[in-house]
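The structures considered in this document are given below.
Common to both upcoming complexes is chain A, partnered first by chain B, then by chain C.
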Partner chain A sequence: MAELKVGDTHEAVMVENITRTHIVKYAGASGDFNPLHHDDEAAKNMAGYPGVFAHGMYSMGLTGRMLTDWLGPTALTNFGVRFTKQVWPGDTLTSRAEVTDVQDGIATIKVVTVNQDGESVVEGEAKAKTD
Partner chain B sequence: MAEPFKFPVDLSSIMLFARSLGDIRPEYSDPDSPEAKAIGGVVTPPTFVQSSAHWQPNYPLDLTRPRKDDAPKQREGEGGGSGLGRGLHAEQHYEYHHPIYAGDTLTVTTRPGERWEKQGRRGGKLLFSATITEYRNQDDVLCVTARSIGVQTERAVDQG
Partner chain C sequence: MSDAATESLITDEMRAEIGKESEPWTCEVDKTAVRMFARAVGHTDPVFYDEAEAKKAGYRSLPAPPGYLGTPVFDPRTSDPTFGGRRGSGPGPQPSRPLKRILNGGTEIEHFDDICAGDVLTAKSHIASYEERTGSIGEMLITTTKTTYTNQDGKVVAVMTGTGIRY
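Our next item is the complex of A and B:
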């Protein structure tokens, strides 16, 4: 892994045109079978949503893949996000990272994942070993 | 505090979890690859511990799971957005202390964190609650600490 320095950035499209199949595959792998994420009728009737939406953890997982694609699978020491907007079928998600600090061999990295309208769906921070 | 439970981490569940996130790197699927060998074996994606849900007794978000006893009752204001309708996952944080390898058996221990209230932007109270989960391997080494923050709303959340 290349050494990180303040100002380094990375950006990648993580998924294009999310389908219900993407969401269901994540549900199966994670074990989270909340009907809000696969049952349109339940999403409408239980909580007044227009239909199903992706798990927040699907967006966080994709954001994590952006980081490990960039830094490798053993670099992270911390990773945390807030879920800022729901992700709907049809959305395309792009994840971005920027190194904001490097101290004692640990880089602090600001992360954000946005939809096709540039609205953030996940915002947070990671820390990674710099070498 | 909920009872600790065991979470056996096998190669297939790591591969399936990685695949669901579009990740095909060999460190998550192929123990014979040079990439996996270089880091001591197949490891797990950053959010993989979420899939411990499959092994969590009384996991609330799987209503069709076959059970010997009655399905769990919904509890208000539980961390991780566990309410089926009004509950949402607000935040998720991980600290990585030690790698999780394929073949590990993790012990998962959960305890409640802090709780607080906030007024929602469009009226209605928001009830936040944190849950802290520790994942320790078979050698009692702490691998991951997770902090999940759930929010319960009084009505459906703003869909933007």
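Our next item is the complex of A and C:
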């Protein structure tokens, strides 16, 4: 397990140029077939969106991958996020982490995932075992 | 201001649902589901795909990646409109006035132990709170749902708190 100290950071590009294929793959894996995420007509007519957008939980899963790639597959004891902006086809997402506290073998990590315009789409906090 | 704008979105029927535990449902964590989820969010670590690699790393089988519990495939008879069920957008009664749009406001998962393929989890959920707010997108109903996952050994392995926004 990684040794972490306050101020440590990590950053990675999680997905480039999201396509409908990425979104549909997540729909199939999660079982979430809300048409807003795969049917442009439904997204426009049911809810007035310009088209389909990715599941919030897809962005959370990507953000989680940044953390497990860095810290190990099951280092997280807590992972909480807010979805701050929708993710659209064509977006490129970068996830960033910063250790804000380490106590009793548990690191608190601030996480943010941003799109290609630097707007945050996911903001949250994780706790991870450091030993 | 019209009556509609001052009336509460939270009906007595909805208030009565707060804290009520759902019927339990079973969530079997299997290798194919873990692999599909891992592939969908782009994992490349072989522990999520190859059981031998997972065991070498000290796991019983493929570990579930973060977020795996978020939207598992339930029994489609109760969660999929194709089979006549209501879409799995959270339990409980709906607001009295039409708030058609739903957004996932956030999710928090507390992990108390590893979850691996082969585990059979029993999930139960309840509505923890309803809250009304007016924001840039108009009036919103914020529903907080808590789901507890207990494994085959009777151990609570995860608690998920979900925030749904209707507007």
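As a working rule, the second predicted complex is superposed on the first by the 131 of 131 C-alpha atoms of A that agree within 3 Å, B and C clash if a C-alpha of one lies under 4 Å from a C-alpha of the other, contacts with A are read in each partner's own complex, and residues count from 1 in each chain.
What we mean here is this: a contact is a pair of C-beta atoms (placed from the backbone, for glycine too) under 8 Å apart; a residue touches a chain by one contact, two chains touch by 3 or more.
The model shown is predicted, which means the values in this text are computed figures rather than measured ones.
Q: Is A:A12 in contact with chain B, with chain C, with both, or with neither (first, second, both, neither)?
A: It touches nothing on chain B or chain C.
Q: Which partner does A:L62 reach: the first (chain B), the second (chain C), both, or neither?
A: The answer is both, since A:L62 touches chain B and chain C.
Q: Counting only touches as set out at the top, which of chain B and chain C does A:K85 meet: first, second, both, neither?
A: Once the two structures are laid over each other on A, A:K85 reaches chain B alone.
Q: Thinking of the overlay built on chain A, is A:I106 touched by chain B (first), by chain C (second), by both, or by neither?
A: neither
Q: Just checking: does A:E119 make contact with chain B only, chain C only, both, or neither of them? Give me first, second, both or neither.
A: Only chain B is touched by A:E119; chain C is not.
Q: So, does A:P50 touch the first partner chain B, the second partner chain C, both, or neither?
A: first
Q: What residues on chain A does chain C touch that chain B touches too?
A: 14-15, 22, 25-26, 28-34, 46-47, 55-58, 60-62, 64-65, 67-69, 73-74, 76-83
Q: Which residues, counting only chain C, touch chain A once they are in their complex?
A: Per the stated touch rule, the residues are 33, 36-37, 39-45, 47-48, 57, 59, 63, 65-68, 70-74, 79-80, 87-89, 100-112, 114, 161, 163.
Q: Can you tell me which positions in chain A touch chain C when the two form their complex?
A: Residues 14-15, 22, 25-26, 28-34, 46-47, 55-58, 60-62, 64-65, 67-69, 73-74, 76-83, 124 of chain A touch chain C in their complex.
Q: Which chain B residues qualify as touching chain A in the complex?
A: Touching chain A: residues 13, 16-17, 19-23, 25, 27-28, 39, 43, 45-47, 50-54, 56, 59, 61-65, 81, 84-86, 88-96, 99, 147, 155-157, 159-160 of chain B.
Q: In the complex formed with chain B, which residues of chain A make contact?
A: 14-15, 22, 25-26, 28-36, 46-50, 55-58, 60-62, 64-65, 67-69, 73-74, 76-83, 85-86, 119
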